[in-house]
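Chain IDs A, B, C, D, E and F follow the sequence of writing; residue 1 opens each chain.
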Amino acid sequence: MHRIDGRKPDQLRPVRITRQYNKHAEGSVLVEVGDTRVICTASVEDKPPLFLRGAGKGWVTAEYGMLPRATGTRTAREAVRGKIGGRTHEIQRLIGRALRSVMDLPALGERTITLDCDVIQADGGTRTASITGAFVALVDAVNNLRAQGLIKTMPVKDFIAATSVGRCAGQVILDLCYEEDSAAEVDMNIVMTGGGRFVEVQGTGEEASFSRQEINEMIDLAQQGIEWLINYQKEVLGAAAKGIGEV
Amino acid sequence: MHRIDGRKPDQLRPVRITRQYNKHAEGSVLVEVGDTRVICTASVEDKPPLFLRGAGKGWVTAEYGMLPRATGTRTAREAVRGKIGGRTHEIQRLIGRALRSVMDLPALGERTITLDCDVIQADGGTRTASITGAFVALVDAVNNLRAQGLIKTMPVKDFIAATSVGRCAGQVILDLCYEEDSAAEVDMNIVMTGGGRFVEVQGTGEEASFSRQEINEMIDLAQQGIEWLINYQKEVLGAAAKGIGEV
Amino acid sequence: MHRIDGRKPDQLRPVRITRQYNKHAEGSVLVEVGDTRVICTASVEDKPPLFLRGAGKGWVTAEYGMLPRATGTRTAREAVRGKIGGRTHEIQRLIGRALRSVMDLPALGERTITLDCDVIQADGGTRTASITGAFVALVDAVNNLRAQGLIKTMPVKDFIAATSVGRCAGQVILDLCYEEDSAAEVDMNIVMTGGGRFVEVQGTGEEASFSRQEINEMIDLAQQGIEWLINYQKEVLGAAAKGIGEV
Amino acid sequence: MHRIDGRKPDQLRPVRITRQYNKHAEGSVLVEVGDTRVICTASVEDKPPLFLRGAGKGWVTAEYGMLPRATGTRTAREAVRGKIGGRTHEIQRLIGRALRSVMDLPALGERTITLDCDVIQADGGTRTASITGAFVALVDAVNNLRAQGLIKTMPVKDFIAATSVGRCAGQVILDLCYEEDSAAEVDMNIVMTGGGRFVEVQGTGEEASFSRQEINEMIDLAQQGIEWLINYQKEVLGAAAKGIGEV
Amino acid sequence: MHRIDGRKPDQLRPVRITRQYNKHAEGSVLVEVGDTRVICTASVEDKPPLFLRGAGKGWVTAEYGMLPRATGTRTAREAVRGKIGGRTHEIQRLIGRALRSVMDLPALGERTITLDCDVIQADGGTRTASITGAFVALVDAVNNLRAQGLIKTMPVKDFIAATSVGRCAGQVILDLCYEEDSAAEVDMNIVMTGGGRFVEVQGTGEEASFSRQEINEMIDLAQQGIEWLINYQKEVLGAAAKGIGEV
Amino acid sequence: MHRIDGRKPDQLRPVRITRQYNKHAEGSVLVEVGDTRVICTASVEDKPPLFLRGAGKGWVTAEYGMLPRATGTRTAREAVRGKIGGRTHEIQRLIGRALRSVMDLPALGERTITLDCDVIQADGGTRTASITGAFVALVDAVNNLRAQGLIKTMPVKDFIAATSVGRCAGQVILDLCYEEDSAAEVDMNIVMTGGGRFVEVQGTGEEASFSRQEINEMIDLAQQGIEWLINYQKEVLGAAAKGIGEV
């Protein structure tokens, strides 16, 4: 099989994470996965959400958006339509759960960190790129709190990253670009930690189905990809990664 | 391990599907899985949705709702809050995709079938119960069209049903009730066809993760449960199931 | 005149109220009037609404909804349209006022009881069936509070029930089903107490009018019907009705 | 009994209707009933509403609003709250039904007339004043169409006006001002035609009830008041009333 | 050049301000500028807005609305569309800023005064008429507070009024009516104080532009017009204007 | 006077416009004015807006947004609040009018070009930076249409750019950064064409006013700044600017 951009079935697109992308936010990155580009900012608020008042722990949450022309044809703004669509809801809940799974929320203290993931150019895999990038912004925001002496221990317990896999014309492939994603019979998003444990496995057939054997192949491929992404996160963070997973 | 209602780890709750539950709808069932009760109605409209006008095929979609006191404490109506929440969106998209995966949409013709799944009492597993029940309502609606001579062949290609599995206190269990679901570290919803092929595998750890080994155990358990559910659907439908999967 | 279902002009449809219909709610019934079926649940909250904080009394309010396929053709969800329609508002205000008229609100204490009336199948008279059924759910919720020793005296001062009357092809008839209601020139909803006093008299001509004489005939007929309904409520409640109206 | 403004129980407040109040509208009046002041404009559109396309007849509808400081304390704008409240819905549906009851809609032709009733100062009875005033604006708009030769016959079949009655401290009184309305145990709005036929009888007890005898007394009183109002409408319209009720 | 209503280029339309137009509001006027008619009410609330709690000063804000048939063809209500449009937002922010510019907010104390400007008939210049009229209503409301001894000194520091100027068929003219405004290439709204200082200068070319020279001519003309308007405000207020600008 | 970033009163911040910033849009730039960064994309649609159907000309419109953390403290998304705020409305209307003032809309043909201006980092002057940048994106989109032979002549009639001026601590300064803007007594936004003609002059005092003399000084300063910006646009566009203003 020939992939549209010449990649091998098990090959990721070029990935780049640029830290300190925004001067206001406590943590901020531009994450690029092929032509997909997402700005992830981490904003720290000194109180937990309402449902955790007095619970002695913090919260990490995410919001996701797309600029109207991030896509091939212009999409109406959700602010104009007056509501957040179902797809947006699904994605931001996914990002939030993924990041919380590696956080020691009591160690964070009574704070909320909001990760805004805004897609400025979309070419497939925006939700998984958001998770991979937002994790780096989150670590920067947490180090910011540590530098101010507001928290003592590193509340990030492990690395986390995500990628997509899918079946396209019968072939299982890694990290689908938009054209592959549109043509895919099966699409699976996987979120995995540095320790090789899974946090999300979301496989979906749209007007199609998949076998037990294909589940295994797809997870194998994703595992490889995420291991590579986590190594890249470590490299990008350098000394800032100190203490992650040492609890 | 002792389950709260005395079940074995691999045991489903009692399931009952009552057909012809509503005198107006083209197909309608009350599905009960333990104390979870959902009314599923299938409404046929004689035109496809806008995005399929002229495409020579039909569409199957779903909406999901909960009565305010379906839950232990009263939940505000989405109509009062003025918008559909993220969880509702996720669930209704899931139900729609699941049902479409077994439909021959060109054979349905330029029609829309809307499956309304309204939870009148919730005790865990409302989305999977909705899929299992809505399938039966869909078959009744389709037979209704056939009886009127509006479609020639059975457009339902296979059976489909769903259940949840999860890890609770380290043990993998089938068909979680509300209390188990609240305590579960990992929750997985699986949708599978009569032919044993998967349509959705959605495993999620909330502030937790799971191993590759546990993925396998959970899928094994779900597979067993869904096989049982599909046999029950066949029994409930009786002659009405004729032609499903014979294409 | 011949009624569509063979009833005499002054005959109610078969009525059935099933108590304890929902395991979560403090009070809950399924009320059936002919083919009209409404689930009424009473939810108790331990504080009054904002406008009564500190006033030393409670409140009873109602919300009304319809499942999309409660009707002959599917109706879009109010949650999807993003707002409560005018008809829904009118009905839920009516139900709330009717129930409050027989409540001793100071005796209820600083609590709110919300009656959710959700129509699962509609065939005319859903608002009057809701009042008749919600009253029973309210009594169950109140007894629940008494059983817990939270209130001392029975705060329900009298029975209350409702029915519709109308003029159809010149004839005054009781308890209109959907087809009669659609054809009626005049429609009147009456709410009356066990003591024979009126709480609402709402007569409306849509592109028609009515004489003083017809007002009298319609009220006579409604009075008979409501007396029957209140006797049935007493029977259904049995010992649970103890103390109502004894103040 | 002594009424707050010195009126007798069966006495209306001073009523004034000023025609041609707005230079843009096809019909427009300022109606004043005591200190209640409502601007009613009739706007003619050259097509019927969607649900009547091709039905060969027209429609009359109403909208109702209140300026924020029409009331003793400022009320937030419905435009700011983003939705029309339940009370507004009830009132505008009532006004529309009342006016349609005296219209020959086929004679109006495929047109929509919208009556906007905007309260600029409220002192009780705004809905009944709106009906009484909007009728005059409607007649002016209809004559406007006749003057242009767009309709041949007078489509207004009869006069229509409305007033309120109620029970206050045990006494039945006519045309309640705001203070009386707030203190009333029972409130009834009556809409009646020039021919003495009823279109709406809406009696409501808020935390109170009323006897059959009181229904009769209230209707008697309203009948007198409305007869007076219709005579006043005739006087105000003068020659413009020609043809009403002559069909 | 010939103006549609025969005015000279530098001539205002007839202006009339009627005080005490509404019996409920602390200050209220009907302002008429030609056929433009706006009701302005001032409502005093005994607390500042949230963002000023504890700041030891008050706030003045404005809301703007139009009755549906204030315009030549009926405009849908913003309450029905469920949101405030962009034009309304712009105008009410402008009115609020203009009035605050002449207020000594600490001298007002921890209060909010809301100026509701509701256009009952529009013929161009509704926003500038609103400012000119709302100022008078504001002075009345403030005197009301002084009369009750709630504030000691006059918190109104200067007069303020507004008018529009524009270029129409190449000619610079004052106080455009609706037809002139529709045809104007350039439209400028100016807000100026009694002391001849500017608070807003908003010049806009719609598909057109203007020279530096024209800016000067337009401001000259507006200055004259506003001086006349402020003299008229003084006359209308009479003794009520005492203390303005004496700080 | 000492400006916070050491600039002279009449000095612009460093400006940079990067073309082809987005691979999907017909025209796209990143415009940076000091620390203010805005992505401007131009999207071409092959039909005019509804109100211009059949009018034989096109339309240019703009939308404006801010990422939540473009600002010093996080701002809630308008999509989450469910509506576009007043400030956003004002700004996007301003941008649209400015760009239309230099367009030959009939020469554009029956098309709509939407300029999305999304602020990814804000430090004052986001609306004027949006105009300056969006103009370049618009020229690129128009050249794109010309390259496809869809339009014959250059429909852009002149250059257009914008900047802010203001009075800060009594001193008139050019191009205010956020801190200056917050402290300014007077703020003026000016939009001017390559031919030195004005399209918008919006001067506002918030709780302050300004003299006729200051209006002149502010316009002088803005004129200089905009001349510089337009020269920079010419340089950035190079050959792509060919034909602008040659009509």
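The criterion applied here is as follows: a contact is a pair of C-beta atoms (placed from the backbone, for glycine too) under 8 Å apart; a residue touches a chain by one contact, two chains touch by 3 or more.
None of the values given here were measured: they were computed from a predicted structure.
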Problem set entry | Shortest contact path, subunit C to subunit F, counted in steps | 3
For this session: Write down the chain pair in E-F, A-F or C-D that repeats the interface of B-C; the criterion is over half of the contact pairs matching by residue number.
Result: A-F
Exercise. How many angstrom lie between the CA centroids of subunit D and subunit F, rounded to a whole number?
Worked result: 51
For this session: Just give me the whole-number Å value for how far the CA centre of subunit A lies from that of subunit B.
Result: 29
Problem set entry | Gap in Å, rounded to a whole number, between the CA centres of subunit E and subunit D | 34
Exercise. Where the CA atoms of subunit B average out and where those of subunit E average out, how many Å apart are those spots?
Worked result: 60
Seminar exercise, completed: subunit D touches at least 2 other chains through residues 82-84
Exercise. Which of the residues in subunit B end up touching subunit A in this complex?
Worked result: 83-87, 89-90, 92-93, 97, 100-101, 103, 105, 188, 193, 195-212, 215, 219
Problem set entry | subunit D contact footprint on subunit E (complex, rising order) | 22-25, 28, 35, 39, 41, 43, 45, 63, 65, 67-74, 77-84, 88, 114, 116, 118, 120-121
